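A, B and C label the chains in the order they appear, each numbered from 1.
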Amino acid sequence: MATVTLQKLTKVYPNGTTAVSDLDLEVADGEFMVLVGPSGCGKTTALRMVAGLEKITDGQLRIQNTVVNDLPPKDRDIAMVFQNYALYPHMTVAENIGFALKLRRMSKQEIGRKVEAAAVVLGLREHLERKPAQLSGGQRQRVAMGRAIVREPAAFLMDEPLSNLDAKLRVQMRAEIAEVQRRVGVATFYVTHDQTEAMTMGHRVAVMRSGVLQQCDKPQTLYDDPDNLFVAAFIGSPSMNLYEGTVSPDGDGIRLGGQTLRIPAGVRQARPRLGEFRDRKVVVGIRPDHLFDAALQDRDLGGATLEGEVSLVEALGSELMVHFQIEGARVQSDDAEAAGEDVEERSDFTSGESVLGDQATGIARIESSSQIRAGATARLAVDTERLYFFDPASGEAIRS
Amino acid sequence: MYESPAARMFRRVTLGLITLFALFPVFIILETSIKPLKDVENTFQWIPSHITFSPYSEIWSTVPLLHYFLNSLLVSTVSTVIAVTLAVFAGYAISRFQFRGRRAFSFAVLSTQMFPGILFLLPLYLIYVNIGRTIGINLYGSYLGLIITYLTFALPFSVWMLAGFFSSIPRELEEAAMVDGTSPWGALFRIVLPVARPGIIAVAVFAFMTAWGEVLFASVLTTESTRTLAIGLQEYATQGNTAWNQLMAAAVVVSLPVVIVFLALQRHLIRGLTSGSVKG
Amino acid sequence: MSVLKPRKPVTAAEEDLSSAAVPRRAPWWQRPGVIPYLLIAPAVLFELLVHFIPMAAGVVMSLYGLTLFTLHHWSTAPFVGLANYKLALSIHGPIGSALLDSFEITVPYTLLVVGLSWVIGMIAATGLNVEFRGRGWLRSVLLVPYALPVYVAIIIWSFMLQRDNGVVNTVLVHELHLAHNPPFWLLGSRAFWSMVAAAVWRWFPFAFLILLAALQNIPTEMYEAAAVDGASSWRQFRSITLPSLRSANLVLILVLFLWNFNDFNTPFVLFGDAPPSPADLVSLHIYVVSFESWNFGLGSAMSVLLMLFLIIVSAVYLRVLRRGGEFDV
């Protein structure tokens, strides 16, 4: 029953690298907080500082109202689920789950009852007497969860708990963990590099990059209203298409290479600052969901289309993923590339560096009835009301 | 794995020869131990004139073998227990902690393998004698002195092997234990040690064998009452006419415990060595 | 069943209480900075007592005239500087030339034992790295010589090599008729070869054990890939096995070299403290010099020289062969 508060939490390793700097976060009681970012962004270090496995260099960590900076892990009243589960191989499932209770000198009957209850919740009752080596990946995952929930701790810490599972199981466990957390109602800190997990599980999501918190908000807010280029590129799958363009002198259009997109009046009024970018470069973002096959649209598309060379069409049955290239609009920002480093789907960003020269790649999620084919030129309709704009110098979103 | 016929032939022939080389002396020792005395006093003969187990009963009276056996057992067991305990601690420190002096410590431990035993035998003898004379703790000629010596001999190898073994255990296990509520010491005793049991057993076997088979220091640091098998066995040979059948029977008796344990645990030994040599 | 229930909210009073709680720091013996030193302390203590202090004492002793006359009043032993070293190194004097002779026997002895043990161990390990029936049994058999106590291993050879009732002479003289007079194996120049045979028999299983462990770390896919590429068994051995065993071999050969160069057991058990001169290995030689004449100062000087030699050889060996490859503990 507690709030976990991180105040200017900083970790500097003895060799001088700063893994986390000035991290401010507060996880309310019962809240599911996801810490997400590419590998090496400091999210795991942050979690380990909360657990007490990593010494805090600077700042303050409070669980409820107690400063716990110098407390050893055992006195922090937290439970943790590790990436590789860290099940004790010499103990049975029941012993694994009950170990923490045994350490707290709880009576045998009491431990038995709690282990049993946890096993029911997690569907592990038939496996209680097995050793971890005899379990499947999903079952091990559940044991690790069981070990955490019997504790009834002040907070759960989870470090990429799903990354060792195959894709299908991951989707299933995602729902199970979220459900268990909801029932137990304990403040939860969940670390992942997978933005889908972050979006689907978190009450709030904190996006980190290079040890610095970028934005912390509800998943939908991160998606709709990212603070900066990095968050925009990181959240959403397939990720946002980003192009560098020049705002026209009168401010009502944006030039991407040889093509021009019209900026609707409503969009301009909502963002007066866009006026400052007349005749200047700006980064424009288009979600793949906001692109359509122009041939299937019957409305007036004047100034709201983009033409691109189609390099690949992936048919997913319900829809098509159209990979295309636009001349002369590649983003020169490493923010977007940093966001894409880990995720295969985003590899287009990085591959653009060497091979594609000035060509910008993009993905559109299109109705499956579309006739767009690889090798041809496609005309894509753009939902210009939902464009995103970023300052290329700072990476900040232009929202006002 | 595919093997050409020539390679297979080579493998079979060489393995056969090596097996013969390894086993022949073992055959001799077993065979001789069940021969009557007259068979071993004259020209060697393959077939015993008759099979007798009397050497196995005579060995105990010819030489106080039981006494030596118990001495060896006491010294080897105690030194093994202490050596393994200390090696567990030191190996754990090397594998899990970054601390000032870590490299120096590991290097120093390994460098002892370079010392000729003879170099520190003489000073150790003098030091033990002098400790006895000044402090009154009798190390020369006592069990204690021999135990201290042997446990130290076993330490370097044990530390090195256990450090490798511990490094193969994921660190998250201890972290999970500490989050679950143990102190760092609790994590070591409740989690790491049980998990490292095969490695610990392997190290214990090696430590025991080291002590059980040591000759040089036993020849100097023991007296009549603390004499171990390594020295005691030679008494069969030094009494003018060697009763080879008894000597071989005694050899079988003193070897049996270590050979059985060693062979029973050889899988652990290979695993222990593997993880030790991969990463330390 | 409380796992399932949402936790009850905390009252204001409880909240105040917890904020007032003074967090305990871990006691000193549980701090990460202290633990490693506590862990190594006992090992350091014993290493100092049995290895390092005696070694230092040995170096000091080598500078004193510590003989039978001064031994019991060792503090009165005269400081003689490097006189013991001069004595040990003067190759024209009786003591120096005897030491040199002993050294000249120890070098080929060590090279032969290490080389043969390695070759036999290597052949056995590669031979056993293939699946076949009885493999586990054969592995045990080949380890038996190493499992025996050293002195037992050598006593067997001592018996087999007896002139009148040993099996070797029976085979050579009475069965193969290769010799008329049964030769002495434990006297004269043959004693050297007897020693080598006994030592190889005892040590090849150790090489076998280490190499077998190392071989099992080589992924089978590498051999399969090589076989698909058309590599012969010999080619596979040269291009995959040997390079993969490099670090294991590096340690194994060094350790075998050091142990055998310092070997005391083999000559001592075979010959006692009066070895025939072709079997007078350095360790035993120093032992005899020290305890026969009770000249501990001289014995220490010789031991220090032996150690210096081993340190130099090891350093050169590691420097030449290590090149980039890290292998500390």
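Keep this in mind: a residue touches a chain if its C-beta (ideal position, glycine included) is under 8 Å from a C-beta of that chain, and two chains touch if they have at least 3 such contacts.
No experiment lies behind these values; they were computed from the predicted model shown.
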Most widely separated chain from chain C, with each centre as the mean of CA atoms: A
Between A-B and B-C, the pair joined by more C-beta contacts: B-C
Distance from chain B to chain A - Cα centre to Cα centre, in angstrom: 56
Measure off the straight-line distance from the CA centroid of chain B to the CA centroid of chain C, and report it in whole Å. 13
Scan chain B for residues touching two or more other chains and write them down. 183-184
Numbers and ranges of chain A residues touching at least 2 other chains: 72
Spell out, as numbers or ranges, the residues of chain C touching 2 or more other chains. 26, 30, 32
Which part of chain B faces chain A closely enough to touch in the complex? 170, 172-173, 175-184, 186, 191, 194-195, 197
So, in the complex, the side of chain C touching chain B is made of residues 26, 29-30, 32-33, 35-40, 42-44, 46-47, 49-55, 57-58, 61, 71, 74, 120, 123-124, 126-128, 130, 138-153, 155-160, 162, 164-167, 169-170, 174, 201, 204-205, 209-210, 212-214, 216-217, 220, 223-224, 227, 232-234, 247-248, 251, 255, 258-259, 261-262, 264-265, 268-269, 272, 282-283, 286-287, 290-291, 296, 299-300, 303-304, 306-307, 310-311, 314, 327-329
Per the touch rule above, chain A residues touching chain B in the complex are 51-53, 72-74, 78-80, 82-84, 86-90, 99-100, 103-104, 147, 151, 157
Contact footprint of chain C on chain B as seen in their complex: 1-4, 6-7, 11, 14-15, 18-19, 21-23, 25-26, 28-29, 32, 40-45, 86-87, 89-90, 92-94, 96-97, 99, 102-103, 105-110, 112-124, 126-127, 130, 148-149, 151-153, 155-156, 159-160, 163-164, 183-185, 209, 212-216, 219-220, 229-230, 233-234, 237-238, 244, 247-248, 251, 254-255, 258-259, 262-263, 266, 269-271, 273-274, 277-278, 280
